[in-house]
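First chain A sits with chain B, and in the next complex the same chain sits with chain C.
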Partner chain A sequence: MMDIDRIPAPLKGPQVTRQLARRHRADMRFRLYGLISIGLAFSFILLLMGTLIIKGWPAFIRTEIKLPVAFNSASTPQDQENYDRLLNQFIKKPLSEGAYDNKSLLPLLSAQSYQQLRILLVDGNPLNKDVHFKASSEVDTWLKTRRLNVNKHALTSLTPPQLDALYALEKAGRLCFAFNHSFFTRGDSQEPEIAGIYAALIGSLMTLSVAIVFAFPVGLGAALYLSEFAPRNKFFELLEININNLAAIPTIIFGLLGLAFFLNILKIPRSASLAGGLTLGLVILPIIIISSKTALKTVPMTIRFGALALGASQVQTLFHHILPLSMPGILTGTLLGIVRALGESAPLLMLGMVAFIVDPPKSLLEPATVLPIQIFVWAKNPTAGFVENTSAATLVLLLFLLLLNSIIVLLRRRFERKW
Partner chain B sequence: MVIYTPACPAGTRPPKESKPKFSVRDLDLFYGSKKALSSVTLKIPQGQVTALIGPSGCGKSSFLRCLNRMNDLNPLARIAGSVFLDGDDIYAQGVDVVQLRARVGMVFQKPNPFPKSIYDNVAYGPRIHGLTKSRHELDAIVIDSLQKAGLYKEVSDSLEGPALRLSGGQQQRLCIARAIAVSPEVILMDEPCSALDPVATAKVEGLIDSLRHQYTIVIVTHNMQQAGRVAQKTAFFHMGELVESGDTGNLFTNPKDVRTQGYLTGRFG
Partner chain C sequence: MLSRIIIDHSVKTVLMMATGVTIFITLGVITSILFESVQFFNFVPLGEFLFGSNWSPHASTPGHVVGHFGAFSLFLGSILITLIALSVAGPIGIFSAIYTSFYATPAMRNLIKPVLEMLAGVPTVVYGFFAIVCVAPWMRRLGLTVGLDIATESAIVAGLVMGIMIIPYISSLMDDVLYTLPQSIKDGSLGLGVTYGETIKFALIPAAFPGIASAFLLAVSRAVGETMLVVMAAGMSANLTINPLQPVTTVTVQIVSMLTGDQSFDSPQTLAAFALGLALFIITFVFNYISQRIIKRHQSQHDGH
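After this line comes the complex of A and B, so read on.
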């Protein structure tokens, strides 16, 4: 029975209208806050990308000097000195006679130019044509300042005679920009104009592969056991709390662990991508376990009941129903882990992966470095050329992340469209 | 169209006593410290339909879940007493729960189809038990099960469509089809018709009646008329106790306990 005076008043009248208006205003306000947050987040991302692109894109092009190579001597020169002498001749040729002393012209070319020349002359055939040689970082910075209006504050250490020579070369149309292939095909170098990210990229790929191959099966297995099979008792409760805590531990601690265990006990060589990968695997293991467990938990119990009541075993229930349904969530969690591993540098520093790596590692046991550490090393170097390299490498890292992201999104789609 | 045919008019064919399929003795069930069933003793006869009735929350579903050990999945649930299936204690050590559940099928109170195609839902049981040798046989089982559950006509041209896009009542009938596709010995049904319209209800009741010669059926229902129409035996539960059980006709016309009388006349529940 309902009391007469407890029947609510009908939803009418000015008071109700006022109240409704207030509620709608609250709605609008809330939406506005959301929009503002999204806008802020988005503009910060744009700002970041913008800065990186503006700072980094000049690293993708490099100044080259076109030199008239004329060689018809019978014997190919043997040592660097001879090649340098030849280069000096070539660079002098387009310049009108002047007071260029021999020592000032050669530094306009990149330090590795003699190697390029050696490769050209290796078969001893006479040669007579224009060849592009990479300019030194100083020249590169100078030309970019002139033509592209970047690096305005860079100080140049070019001497007046060198500058004269450069003006002359420019007038002769012998200075030009070209795509910087070697940024993607070479390892680190002391000279910014020939330093590249190839070695670090390969190192990153190797380290990351080791981390995934180690952490994904182990993490997924642990999550499956914890969520589907583990009995509910104090031990497993404690274990779960500990796993959650692991995810919050500063990663440098994992580096210490890797140093003590992988390097000192298992005797994996220092700086090897195997040690780095295993350590990163440990870093992302808790992330994968926690997110996979969460994904498994979101599958409704009624699905499990339905399968079990039909006489499916627990493993059948798991593989036929629960795993396919939670795969998108598990993949997203794994992506979080991978992204984390790709950007991680602190634990790898502990393992000595900050070594100066010129050649990409050929095996998992060879010294390697990774992109974030390469960026870190370049960022410490104040030379204008390395500042460009830093931003460009960061751009490549971001592109790499984007690529990984898209792969996982595609995989997710696959699983979601299962039927 | 025949809206409703009484599947087995009471009295036309008095069910003869046979060896009980289930024999439950002094069954207690606890959820943590809460007692959901207290010393239930009941025989469920073979080849007949037994209805479980009683007010909401009295433990009907809990009792049903004891019969195929679905309560094992609830870590809180604890059980005392014994349940015999064909003379074997299903709670004894060494009993294979997977096989038990293949023998004792279940239709849940809330429809729970798998998020797969209609076909795959019904075919799942036969597939995991390896009941068929060819796709052809499997097709036959799927179609037969769907027909028995009265769903085939509605879904015959969308067998590969997602099961979750069916209506609530269609989903429930799909779950029935899914359960009978493995031809269990016993089918436990927890309010299978609560989401169905009268036509579909009549179909399911017809199905129950046609199945009962082959299978043993235990059905939970809130609908007294339904219990009267389909069940030969009825058991009345109240607050975790089995108050009274017996032939449906007897129990309805001649209840011995005051609580049964009160429930049947609608004084509580």
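After this line comes the complex of A and C, so read on.
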């Protein structure tokens, strides 16, 4: 029985109301701080994405100059000088007579234009039609500034006669935008308008393939052994702690290991995608082991007991029942590893993968670069036009990551199972 | 029957070998770093390395040490940037986690958590580029309007962006810890007529404190080991300064800068990079280990609820 007299009378009165109101206000404030924090974090994401998109999308389009190519000479010219002379003729044609100096017009076109013309004229047939030539990066920036309102503060290095020529060309409707497909089909270059991410994409693909071929079987094997066969003792307990630690140490340390072991002891050439891939394999190995072990653990013991009771061997139980049931989880973990490896660049810096790569590597031992490193190299390049390229390459990288992450989410949704 | 035994044995052997590879990797990491570091400490005393303030390693050639290898300013730079990052990510991470674990409806929680975790999924090179292109010019302009000269490569820019990057490391782990606290603590406190905010402050946070501490430790270990962002945003020159507006360099930046050249493997610079790597390994290992221990103890404490 409770002693009624000892319970204090309920507090009442204006003082209590005031106090309560203050406490509720504090509560609201507390809640507001949370909202503000989340709002800040969200606005960081928006700012990041917004910056990349605003700066990056002009790199996906390029300026082209439509020139009337008229060629009926019997012999095709042989050297660059002759092609350049032809180009100069073509570019002059749409311009009314003015004081355009010969030397100032050719730089309006991209430095690669003569090669394009050579391919056009290679069979020696007469030609008479409009051909789109890629403009130089100065013209590209100039037109994008004018039409798209980007880069308002960019200083142009075009001379007044060149600008006059450009105005005339624009009036004649000979300047136009087109999709910059060469961004996806060319390697790195000193000129921003012809630099592309093709070599980096191929390099990334090769490096990732090596990483997966190395890390997936080893990681899966280790996870299977640790969760199904390993005896419970101090040694394996220590090993588990150690694997957790491997997953958390800075990736740059794996770069040191790669340098010391793959380059110095195994003598794999510097910059090769083989060394990079193996090093990335080391980085993602603990991720694959940990997530595979988690996936194996979610398969209930009853499945194991059932299979064993029916006379299946341990290995049969494993390969016929446990592995198929945990496969979605294992694949998810592997994809997480791939996501990690795709964005990783620090350990590769130390393996010399910062080389200037124009042509995609043909074998695993040739110098290669990967997409994040290409971004890093371009980000340091002060030439105008590389900011757009860097942002565009970043957008491509993020798109790949988004794609992989959506597959992970789908896998989880599709195969999530409650036992 | 015999073939079954043979298959069983060979499969187990293959799996055991795979496990052996992971052991081999760990040993490889430790021995390769230790081996080179020992060579390094043969010609640079440990005391000078840890507390010397003069860092100019590039003058040395193989077998001929003339540079100075006092890494104190590098450690200081790493600490400075980490502190700035924590002072950004700490409050934002903590309050976000409190909001998602207590106030948000399940639908909101399912929306907010993945979006926050996106911040951790962005490659660090992207953050580095973001720092160069966006944050550094803004900070510089902001500094000029209040009369401060902020260098384009400065500790504050690197720290700020790193802070954004490690928000999810704090918020996500802390949210997990707060969310899995036994319902009885919350119910008991609310039943006594305590408001939500007070429940969180006086009952739940203290109960979840170990988890919060381990989240911070993980974030620190992540920040100290971060490479690309600081390489791009913090600078290369070893300044002995705690002024966040000045360029500083970090342990990771110097490891990269000493290994990206084409020097021979036994040059003092390379060896110094391995010594820095050893220091980095020890620091992050200690933080990770403590963090894991705390989480483990915390889990067993709340088991059975």
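Simple rule for what comes next: the second predicted complex is superposed on the first by the 348 of 419 C-alpha atoms of A that agree within 3 Å, B and C clash if a C-alpha of one lies under 4 Å from a C-alpha of the other, contacts with A are read in each partner's own complex, and residues count from 1 in each chain.
Note that in this section a residue touches a chain if its C-beta (ideal position, glycine included) is under 8 Å from a C-beta of that chain, and two chains touch if they have at least 3 such contacts.
Bear in mind the structure is a predicted one, so any value in this text is a computation, not a measurement.
Participant: Name the chain, either chain B or chain C, that contacts more residues of chain A.
Facilitator: C
Participant: Quick one: classify A:302 as touching chain B (first), chain C (second), both or neither.
Facilitator: First partner only, chain B.
Participant: After the superposition on A, what does A:48 contact: first (chain B), second (chain C), both or neither?
Facilitator: In the superposition, A:48 contacts chain C only.
Participant: Identify the partner contact of A:407: answer first if only chain B is touched, second if only chain C is, both if each is, neither if none is.
Facilitator: Neither partner.
Participant: Touching A:394 in the superposition: chain B (first), chain C (second), both, neither?
Facilitator: After superposition on chain A, A:394 lies in contact with chain C alone.
Participant: Is A:34 contacted by the first partner chain B, the second partner chain C, both or neither?
Facilitator: The second partner, chain C, only.
Participant: Mind working out whether A:313 is in touch with chain B, chain C, both or neither, as first, second, both or neither?
Facilitator: Touch partners of A:313: chain B and chain C.
Participant: Touching A:229 in the superposition: chain B (first), chain C (second), both, neither?
Facilitator: Only chain C; A:229 stays clear of chain B.
Participant: Let me test your reading of the model: by the given contact rule, A:282 touches which partner, first (chain B), second (chain C), both or neither?
Facilitator: A:282 contacts chain C only, not chain B.
Participant: Output the chain A positions appearing in both contact lists, the one against chain B and the one against chain C.
Facilitator: Touching chain B in the first complex and chain C in the second, residues 313 of chain A appear in both lists.
Participant: Which residues of chain A touch chain B once you look at their complex with the stated criterion?
Facilitator: Residues 231-232, 300-313, 316, 320-321, 325, 418-419 of chain A touch chain B in their complex.
Participant: For the complex, which residues does chain A have touching chain C?
Facilitator: Of all residues in chain A, those touching chain C are 23-24, 26-27, 29-31, 33-38, 40-42, 44-45, 47-48, 51-52, 55, 217-222, 224-226, 229-230, 239, 241-246, 248-257, 259-261, 263-264, 282, 285-286, 289, 313-315, 318, 339, 342-346, 349-350, 352, 354, 372-373, 375-376, 379-380, 387, 390-391, 394, 397-398, 401, 405.
Participant: Taking the complex as given, what residues does chain B use to touch chain A?
Facilitator: Contacts found on chain B: 68, 70, 73, 75, 98-99, 101-103, 105-106, 108, 110, 112-117, 120, 124-125, 128-129, 162, 175, 178-179, 182.
Participant: Quick one: in the complex, what on chain C touches chain A?
Facilitator: Listed in rising order, the residues are 4, 7-8, 11-12, 14-19, 21-23, 25-26, 28-29, 32-33, 35-36, 91-96, 98-100, 103, 112, 115-116, 118-119, 121-126, 128-130, 132-134, 164, 167, 171, 195-198, 200-201, 218, 221, 224-228, 231-232, 252, 255-256, 259-260, 262, 265, 273-274, 277, 280-281, 284-285, 288-289, 292.
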